[in-house]
Each structure stands twice: as C-alpha cells, then as structure tokens.
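Each structure below appears as structure tokens.
In the two assemblies presented below, chain A is common to both, partnered first by chain B and then by chain C.
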Partner chain A sequence: MIRAALANLAAAALPFVLALAIGAIVLAVTGHDPLSVYALMASEAFGGTRRIAATLTATTPLLLTGLATAIAFRAGVFNVGVEGCFYLGGLAAATLGFWLVGWPAIAIIPVALLAGALIGGAWMVAPATLKVRLGVDEVVTTLMLNFIAVNLTSWLVNGPLLARGSANSATPAIEKTAELPRLLPPSTLHLGFIISLALVILYGFWDRFTVTGFRSRLVGLNARFCRAVGIDVPSLLFRMMILSGLIGGLAGAIHALGLVHRFVAGFSPGYGFTGIAVALLGRNSALGMILAALVFGALASSGATIQLFSDVPIEIVEVLQGTVMIFAVAKLGLLLRDRRGLA
Partner chain B sequence: MSAPASRTRIGARAIVRRFGPVIANDGIDFAAAPGTIHAIVGGNGAGKSTLMRILQGVDRPDDGSVILDDREVRLTAPADAFARGIGMVHQEFMLVDELTLLENLILAREPVHAGGVIDRRKALAEAERVAAMAGVTLDWQMRVADAPVHIRQILEILRLLYRGADVLILDEPTAVLAPTQVRELIGLMRRLKAEGRTILFISHKLDEVMNAADSITVIRRGRAITTVLPGETSKAKLSEMMVGEPVELPLVHPAAPHAGVPVLAIDTLVARDGRGLPRLGPITLNLYPGEIVGIAGVAGNGQDELAAAAAGLGEIDAGSIRMDGRDITRARTGSFRDLGIAYLSADRAGDGLCLSASIRDNFIAGSEHAPAFSKSGLLRLRAIHEGARRALDTLSVRYGAMGDPVKSLSGGNQQRVAIAREFERKPRILIAAQPTRGVDIAGIAFIHRQIVAFRDAGGAVLLISEELDEILSLSDRIVGLYGGRITGELDRSDASVERVGRLMLGEKAA
Partner chain C sequence: MNSASVLALALGATSAAKAADAPAALIIAQGGLGDQSYNDLAYEGFKKAVAAAKIEGKPVESKDVVAQAADILRRASDAGFGLLVDLEYSHGEALATVAKDYPDTKYVILNQVQPGANVASVLFQEQEGSYLAGALAALVTTDTSIPGINDKPIIGVIGGTKSVGIDKFIVGYIQGAHDVNPNVEVKVAYSNNFGDPAIGLQMAKAMYDEGADIVYQVAGGTGIGVIQAAKETGHYAIGVDTDQDGLAPGSVLTSMLKRTDVAVETVVGDYAGDTFPGGKTVTLGLKENGVALSDMKYTKDKIPAATLAKVDELKAKILSGDIKVWNAVDQGYPDFFK
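For the complex of A and B:
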C-alpha cells in the first residue's frame, strides 16, 4: 500500500523533475544561474504568508479544472472541454452577480455558483449524447465546443452584456455581496480555495467508498467487462461527462465571483487545459491532483513576479510550465493507446 | 534464385512463449517446404496467433527459434521479417477505404518521379504485372470502400507480392468468403505455389484445409500435436486431434432426465457477431433445470454468438429468448443477470475479468449495488472483504492480497475468481464458454467439479467448448453446432467421439 503510494508519487514527480532539468539547461544557455533562479522562484512562490496566499489563489481554478477532467478520464472519457465549461460558468455567474441587485450574499453566491455549474453541465449534454448514442469521439466534440464557448462568451461581453461606458470586452462588476469572501486580506485568496479543496477531498472519498465511484473506475479500466457484468455503461459515461461539465462550470463561476469579480474576454489563460495536465500528473487521485495543482499554481504565481526581481524573462517560467505539461501528457499517449486497444 | 533449394522455407523449432502464468506456445515445431501450402489448424486459444506474431517478428519467443531457409534466425521487428520475404494477410484487412485499389497496393512503396511525385503510369504497370502473376484482373481505379470483400482479400495478397514477399501467411482467409470465392482463393493460392511461393494457411475450416494444403500441422493447447499429409488423414481425425481425447471423469453422474418447463428457451434465434456478420441461427434450444447441455463445434461456427446471446450480450436479429416463459430477448444485460443467468466468458481478458483491477473489485463487479456489498450508495468495505475472502476460500483460490490485480494470478485462479463472482449471485443458469481454456490439468478437474455441483443443485448449464473431452465428460445432452445451426442432438448415453465429431462437421447424427 505504502510502496504503491511511493511509486505513484515518484511517477508523478518525474515529469516535474525532468522539466526542472530542461529548464536548468535553458537558463544556463541563456546565461543565468539555474540554482539561484530556482531559489528565487521558490521563495517567490512560498516565501511568506502573502506569497503562499498568492500561490494558493493561482492553485484554486486548477484544483477544479483538474477535478473535472479527472472525473471524465477515470471513466475512460477523454473530455477536453473543461475550458469551454469554465468560460460559460464564469459568464453565467458574473452575469447573475451583477443582475441580482440587492440580493444578500447568502442567496446570490449559491445561486450564481449553481448557475455556473448547471450551464457547464448542460454544455456537456450534446457531446455526451453523441458519444453514448452514436459513438462520436468526445475528444473531437469537446475540443470543438471549446472554441464555440470562448467565442460565444466573447461575443456576449462585446454586445449584450458589455458594461456601459466600458471599452473593454467585460461585463459590469458583480455586486459586492456576490464576491466570495477573502480569507487573508489583503491577499486575493478567497473562499473558492476552500470550496475547491473540499470538493477534491470529497472526490477522493467518492473514488474509494461509493458505488458510483467504483463503477466509474471499473468502466475506465475495461468497459466491455463492465457491460458483461451488467453495469449500464452508456448511462454511466453520460453521467460522468455531465458531472465533469458541472464541475468545470463551477470552476469558472468560482473564478468569476472569487477573483475577477466580472467576466472578461480571455477569462481563462487555459485553466481547462492545465487541468488536463493536473489530472494526468495527479493520476486522477485526490492527493496527486492537489500536489499537481500546487505545482502549476506556484509556477504561475512566481512567474508573475520573478521578472520584476531578476532579468529572467517570464517566458522561462512558461517554458517550464510547458515542459511539465509535455511530460505529463506523455502519459496521455499511453492512456489513449489503452483505450484504442479496447475498442 | 539458383541457390540449392532449402528443405524448410519457414518453420519453428521448439518455440516457447509465455505470457505471465499462461503458456501460449509450449514448444512448437513445424516446417514448411518451399513452394508448398502448409496449413496450421487449431481451435481458438490453441496458440496459432502467438506463433504467427512470432513468425512475423511482432513478438519474440522466450525459447526456441524461427527457421528460415533451414537456418535459425532471430526476427527483431516486422520490417526484419518482411525483408526476409515474409508477409501476412490479417483477418482484419489493413486497407485504406478512401483510397483506390491501386493506391492501396503501392501505399508506403510508391514508385516516384524525381521530386517525390507518384509515378502513376509505373504504378499501374507494376499493378498489372503482379495481377498477371497471380492470374487475376482487378479494376484498379475502384475505391476499396466500394470493393467487395473477396476483392479486398485478393488486393491484400497482391500487395504482399508487390512488395516481394515469397512467404505468405494467410490468417483465416476464408472466414469472410462465400463458397465460390473460397474456390477462387484456393485457385490463387495454388498458382502462387506453382510459382515457388510458400503459403502458411491458418484455418479451422477442415474442408478447405484438406482441399488446399500439402501438409497440415495441428496445434492444440500450445503444442504442435502432429504434422500430417492430407492423404493420410481425414476431417474426422483432424477434428479429433484439434479437440483432444475424451478422458474419463469419475465424478460425473448423469442427472435425472429432464422434464417439465425449460428454464431457458431459445426459439428460432438469429444473431450477428461483433463485426455485424450473421453467424448464428436460426436455432432453437431448450435448457432444463438440473442438466448440462454441451455445445460441440469447431471454433467460429456460432458458439461465441450463442453464448453472448444467452448471457444478454448478443446482437439479436430475430427470434426470442425466454426465461421461465418470460420474454427477455430485448432485456438489458443487467436484467439477464438479475433473473439468475451467470456467464463465464471465453474471452477472460476481454469481458470475463478486468485484469488490471483488484481481485476484490473483480469479485464484486456487477454486484456492487447489492445490499450485501453497499448501503445507500456507499460500499461496505468490510463486508466486501469478508464476502470475497469467504468465496475465494471456498474455491481454493490462491492469491497474495485481495488488492492485487487479477492479472497477477495464474489462468486457473483467474477463472476461479470469475466463478466465485458468478456463483455469489446464486444463479439458476450458467453459461460457461470455454471454461477451462488456459487452465492447467488440476484446475480443469476443479472447475469441472464446480460445474457438476451446480448442476446437481438444480442449476442449468449451457456448456460451450471446443474441447471434445470436456463436452463428452460433462454433458447430459450434446448438441452439435455447425455454420450457426444445430446439426443434431445426442443423449449422453449415445455419445461417442465419432458421433459428436460428425455433428461438429455438419453431418447429421446417424
């Protein structure tokens, strides 16, 4: 048990270590001292309460996009449409956040979050139906739906939902009461972090101890077998895709109410896609995903400030991020091969 | 080409290949002379596919070696085998539907002008050359998607010729062909042979093998049983060698003759295989409580489809399945199981077990929502553990820990886990398809005792097996299946190897 956990941890850490090594080469070639840059990054990400709070803020959306992805992946569904759900969920929550004027926090926050989740789930109905009824590959449909979601929301905030007098493609700011409470003012860390963390932990419990969690894992391992022992595979796949969309939408809603306080075009710098890397690095396990989200959160938060204090360009951090993702996604190839083998 | 002819163009010397605890090839020898058609026959799971993979360089033997031109060689990759003139036509054609026959022929070996543009004129000339060599004419501009299946097959063979292969491995080439097309294909094989090419003909259709082959190697349970000439043997003898000698099992007592209402009634059922080809029926078969009905047949004659249909997994076109008089033809698999139909799949790695999941998970799979194992959607982990331990102990399963993956077990113990899972549901009907495939001798006897005990307790068993000894020693009634139809039925007391053999070959019971 413990040995297996350690092996999992090592496997999850490997892409990160490889990425650091490659990043070190890039740094050395460009005339920087890798060790001092890494030390600076570490202290930027974790040196002190304020910096830790910033890292956790950056971790928050990744926890949920990772979770949304993992729920689909472990059932063998390669849903890559969490990004689109994130956009739609963010827009829905922000819109309700400024529409529902005068609502108390206790009402407006749950309603806006619920709306964000529901629209994310609804967004997955079409690809889920196509997959289970007609066998249409979900990778294609969900990827394409991302473009639609991004451009649809972008059009809405340039037209019907554009803030009066604003030149930016943004909605008006949400009501003060709709903002998620800050945990450590003046840092931007907000209640969304606690909600996200709790959901990932709840997922860990669901994974191990519930009938649905059991079935969905087994379907991911061998769908033909599950069909033969009487599990309703199409229905399960459908529900897992919707659940994935619900959480993706919720992730966007939390991001809107917790941090951005409105919806803007380009709302997500690819949180949905980083979520794929989080799920893969974390091997769909709750603990693994929390660690993986933390890694990406730390890279994002240190990257933002590192160029202020050194001559290291932010691109170096992006190279690191990209490299971790490549190594994490190298697993995706294996997973895909398994799946094709079954078909 | 003027070198002295070798005695063996392609062959195997004591090839052994293990997959974990399962031995797929257990010391296989054979030798095909140049310019001959050498047939390799055997049931499913006999080890043919593994041997072919090794001859093709896709897989490597643990022991023994491939023989080419009388010399032992190590094939390291498919390209290596190809460079030595070995090519294979798979059961599933490897063609691009959207391209024409000509484009498929030259794919990956295109004749080109300088600059990389395909030289279509040269391609067509080459195509005509190989077609003339094989004595066929094709419409080269036809798209593969529009070509009938036998044309696709011929194209696959021509492609090997185009690429210069002189050893052609044909894996069940007649499975998808109509009788006239089979004759055409055999004619083509003979012409290729006359040119000095060597053909390995993998099949379990004994008529065709007897008709086409110069020599025949029989493979059973991973061993080459014998190599014979068609003139020295008969279909009956071959089928006997493929399925083995019956052994006496003292444990089995014939049950009381059945009477009353069948527990499972299959009526004029017609079903398709996974590829949508009609394979079964129409067949009518009744199963009564307290009896074992053995389905005897050579692989590919509808057994898989019969088992799938009876287990609630079939692609059913027509007819009905009734349990206790109730129509369940269109019911979901879960309903079949909830009504008391248990299934031991022949494809243990596919849908019989989830090999990468734990023993525990395999044990409760499909029953995880039962009150014994969960409450309000939460798994009762302790109850599951206890239940699994009790059931596995009852069946003397040898395992390390309950959390170990099933693939860490031997074939026999894997099957016991499947039996434990199915029996835990207290079924009334057991569909047992190839229940002892890949199981060692001791395990076979144990599994047989379990099946008989189930029968003695009033259960009904549909036993589907390619092992004639298994059918003969367990069945109360034996039904022959050939070409998807029932050829006849024998009572246990009338059954003999010869009579069952005739049923398997499509001859009516005498």
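For the complex of A and C:
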C-alpha cells in the first residue's frame, strides 16, 4: 500500500525532475550555473509571503483550466477548447463588470461570474452535440473553436467594446464593486484563488464519492463496457463537455474580475493549454492537479522576476515548462512498474 | 534570507551614495523582445542609456505580462531598483498604484499619463510628424509626374477609432496638407477596429476608388490592410509608429515614426543625471527626435527633390516655432476639423 503510494508519487514527480535535469544542461551549456539559477528560482517562487502570494496568483487560472480539462479527459473526451472558453468567459465577465454601474458587489460579482461560466458552457454545446450525435472528433472541433473565440473577442475588444480613447485593445476597467477582494494586500492574490482551490477539492470528492463521478470515470476507462451495462454514454459525455466549458468560462471570469480588472488583448498567454499539462501531470486527481498548477504557477512567477537578478532569459523558463509538459504526457510510471515486475 | 534579498541588499549598499546609481529595469510589453518593433526599439535605447550612465539595467520579459503587472513592479521596487520603465500599455493603473507605495523609486509609463510625484509619463507629439506626412502627401498628390498619382487633389486618412488620441494624428495631417495646398481634399474614415487588416483593405480600396491616391493609416493592425490595398491598386499608403516602408517597398510613401528608443534613452539619461521628470508628462516631438518621417528608402527616388526640400523647410519652421501644429489632446478640436 505505502509502496504503491510512493511509486505513484515518484511517477508524478519524475517529469519535473527530468525537466530540471534537462534545464540544468541547457543552463550549463549557455554559461549559467544551474544550481544558483535554481536556488534563485526557488526563492523568487517561494521566498517570503509576497513571492508566495505572487506564485499563488499565477497558479489560480491554472487550477481551473486544469480542472476544466480533467473533467472532460477522465470521461474520455479530449477537450482542448478550454482556452477559448477562458477568453469568452473573461470578456463576458469584464463587460458586465463595467456595464452594471452602481450594482453592489454582492450582486455584480455573482452575476458576472455566472455569465462567464454560462458562455463557456454554451461554447461547448456545438462540439459536444457534434461528438455525441455524429461522432465528430472533439479534438478538431474544440481546437478550431479556440481560434474563433480568440478572434471573436479580439474583434469585440477592438471595436464595439473598446474603451473610449484607449490606444490599446482593451475594454474599460470594471467597476470597483466588481473586483474580487484581495486576500493579502498589497499582493495581487485574490478571492479567486480560494474559489478555484475549493472547486478542485470539491471535484476530488465528486470524483471519489458520487455516482456521476464514478460513472464518468468508468466511461473514460471503457465506454463499450458502460454501454453494455446500460449507462447512457452519449448523455454523460455531453454533460461532461458542457461542465468542462462552464469551468473554463468561470476561470476566465475569475481572471478578469480578480486580477486584470478588464479584458485586454493578450488576456490569456495560453492558460487553457497549460491546463492540459496540469491535468495530465496531475493524472486528473485533485491533489495532483493542485501540485501541478503550483509547479507551473511557480515557474511563471519566478520566471519573470529572476531576470531582475540574473542574466537568465525568459526562454530558459519556457524550456523548463515545455519539458515538464512533454514528460507529463509520457506515462513514465509504466516504466517504473515494468522494471519492478521483471525484478 | 534568500539569495535575491542578499543581492538586493548588495545593490542597495552600492546605491547609498547617490539615488540614481540604483539599477534600472525595462519591463517588456506583449510581443516580447525580438519583435523588431516597439520592444526591440525601446530596448536599444535602454541599453545605450544604461551603458552611458554606467548603471546596471535589466530587461524583464514575461509571457504572462498582462497578469503580472503589479507583481513584477512590486518585486523590482522591493529589490532596490531605482528606475522602472514599463512598456506594457495595460500596466498603467497598476503602475500608478505601486508607485504610491515606493516614493523613492522612479517609474516611467509610455503613451499615457498616470499620476504620482515619482511617475513620469511619456507622450509623443504625433501631430508634428503627422503634419509633415500630410504636407508631403498634399505635395505628392498634385504631382502627376510621380507614378501612381492621378489628377485629383485628394488624399485620405484612416483612423482606428474616433477618439481624441487618434484625431491628434488626423488633425496634424489635415493641417499639414492644407498649409501646402488648401485645395487638397482630405478624406477621413474610421475603421472602429485596430486588429482587422481585411477592414483596412476594404476601406482603403474605397478611398482609392473615390480618387485618393495616398492614404495615411493610424489604425494598428487594421492599417496593414491599408498598405496591402496600396500595393494591390498601385497607390500609396503612409505607415505609422514603426518604419513600415519595407512592408510593401515602393507602395509606402513614408512612415510617421514614434521613436520609442529616443524616449527610453531620454528618461534613463534624466534619471542618471538626477533630473528625472517625476510627476511630469514628457512630450517628445520633432525637436527631440521623438517623432520623425522615415528615410523613405524605397520612394525617395520617385519624389522630386524640391518636394523633399519643401518638407524639410516645414520641419525647420516647426522647430523654430514659426508653425504651430494643433494638438487635439491639449487644445481640443480646431475649426477645420470638428
């Protein structure tokens, strides 16, 4: 039992360790001392309350994009459209955030968050319908929908929703009442982190202890078996895809109300795609995804500020992120288990 | 104590003698270094200035730059940096908020004005460069010896949105055109979009159909379509912000440059020389070399020397103060453009 748990932990940590090793080689070759760079990164990610807060802020969107992805993945649906939902949810929430002038916080925040989630869910209706009715590959449809969502929001924010007099593609700032409260001022850590963390933990319980949670995992493992025992597989897949979209939209809405306080060009640097890596690295488990989101959050927050104290360019951090993602996809745990089986 | 704060202390110790010895950081905007445009240009100016002032200078890039505004600014301020130049437009409000908490640190924001005694805002006198672009266009549109020029004295301008920030360019352009030839008609249109080349292409083609032969674009990404239209129809476009002459060699008459490198170099130099313009708005115009027409590498040979000389003469008059170009942001709208 304990040995199995340790093996699981090793399998989950292995991609990160391998990435660090490869990153060290890249750093050494480019004339940096890997150990001192890693020490600097660690202190920039976790050294003191302010840096921890910055890391948790960077972790926040990844918790929910990871969760949105995992909910689809575990049911066997490879939804890669969370990025698009994130953009749309962010724009919807930001727009209500500056439209609903004079609304109290208690009304404007839930309405804007709900709108963001709903538009994300609605965005997934078409690919979900195409998947369950006509068997259209969801990878293709959801990937393509990302481009549409990004360009649609870009058009809206360059035209109808553009802030008056702004030289930048941005909506007006949201009302003060629409901003999610900050947890540790003056740091940027906001209530969205708690909401996101709570949802991932809730997912953990849903996964373990509810019938739908069990069924959707079962469908992911063996859809034919589920059909044979009478589970309504198409309906389940449809619902999981919509749920995935809802959470993706909510992620964007939280990012808009909690951190950016408006919708602006470059709203997401690819949180939806990093969410895929979070789900894969975390093996769709709540704890695994929290740790994985923390890893990518730490890389993002420290990656920017280590440049203040070293000559390490941002590309090195991107190499690290990319390597973690590659190894996250590989089922390295199998390798370990096979070895032990032989021995 | 972590290594970063040790370094910060070390940096702080060396800066005890004079405030302006503390290192400077340049926060790179979306698009990152290597964009061969805004960021690269600003970084060139930054490197030059920190080398000249013998202070340490660090560029900071982030894929997540929009979300990390306050986090990066606060980290650098905590760590004892003396000057933070922020190129990212969306950082405006965050910069003003952070600046309040660090009165000894200096902050610079470009293309917008933010409050604070330790904040310098840098604006460009775009109307001055636009004036020269308008004058050049008015001179060229009546010179049918130049290939692609019709006999109608019509030029155009396409703005990205109807706002005073964009009309600042347009007013200068119209003033320049009318000062050299009051009979030149300037068509004005707005794309209501900064990111759609297809709209720019369509609108510019419509203007060319109506007899315009030169169209100035003040519409960001939409303006790329204006340049494309000029190339397709054999007319001329005028580029904006960066040197766009090479996007369609021969079809871009000139570009109205905003010299971000000069801007950054100037403020870093002021900081090092203890003349930092805190609480002020620095406006860089023709005089400071902050705005300029491009070298016209691909079109110079088509244009008569007398025309180019006339534009230089107008530039000299602006520099000497004989010509005052209308600044729509400061002065409101003039009678000739409501």
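Criterion: the second predicted complex is superposed on the first by the 325 of 343 C-alpha atoms of A that agree within 3 Å, B and C clash if a C-alpha of one lies under 4 Å from a C-alpha of the other, contacts with A are read in each partner's own complex, and residues count from 1 in each chain.
Assume a contact is a pair of C-beta atoms (placed from the backbone, for glycine too) under 8 Å apart; a residue touches a chain by one contact, two chains touch by 3 or more.
Keep in mind that what you see is a predicted model, and the values were worked out from it rather than measured.
Novice: After the chain A overlay, clash or fit between chain B and chain C?
Specialist: Overlaying the two complexes on chain A (C-alpha atoms) leaves chain C and chain B fitting together cleanly.
Novice: Would you sort A:Cys226 into first (chain B), second (chain C), both or neither based on which partner it touches?
Specialist: first
Novice: Check the contacts made with chain A and report whether chain B or chain C touches more of its residues.
Specialist: Counted on chain A, the partner with more touching residues turns out to be C.
Novice: Which partner does A:Arg215 contact after superposing on A: first (chain B), second (chain C), both, neither?
Specialist: In the superposed model, A:Arg215 contacts chain B only, not chain C.
Novice: In the overlaid three-chain picture, which partner chain does A:His255 touch, first (chain B) or second (chain C), both, or neither?
Specialist: It touches chain C, and chain B stays clear.
Novice: Quick check for you: in the superposed arrangement, does A:Pro185 touch first (chain B), second (chain C), both or neither?
Specialist: In the superposition, A:Pro185 touches no partner, neither chain B nor chain C.
Novice: After lining up the shared chain so the two structures overlap, which partner does A:Gly135 touch, if you call chain B first and chain C second: first, second, both or neither?
Specialist: neither
Novice: Minimum C-alpha distance between chain B and chain C after superposition, to be given in whole Å.
Specialist: 36
Novice: Share the list of chain A residues that count as touching for chain B in one structure and for chain C in the other.
Specialist: Of chain A, no residue contacts chain B in one complex and chain C in the other.
Novice: Any idea which chain A residues touch chain B in the complex?
Specialist: It comes out as residues 1, 209-212, 214-215, 217-218, 221-222, 224-232.
Novice: Which chain C residues qualify as touching chain A in the complex?
Specialist: Of all residues in chain C, those touching chain A are 2-5, 7-8, 25, 30, 32, 58-68, 70-72, 74-76, 78-79, 81, 89-90, 93, 98, 101, 111-112, 160-161, 163-166, 192-196, 222.
Novice: In the complex of these two chains, what residues of chain A are touching chain C?
Specialist: 36, 39-40, 43-44, 47-48, 50-51, 54, 57-58, 61, 154-155, 158-160, 162, 164-170, 173, 186-188, 255, 259-261, 264-267, 269-270, 300-301, 303-305, 307-309, 313-314, 318
Novice: Which positions of chain B touch chain A when the two form their complex?
Specialist: For this pair, the touching residues of chain B are 311-313, 332-334, 336-338, 343, 345, 350-357, 361, 364-369, 374, 377-379, 381, 403, 421.
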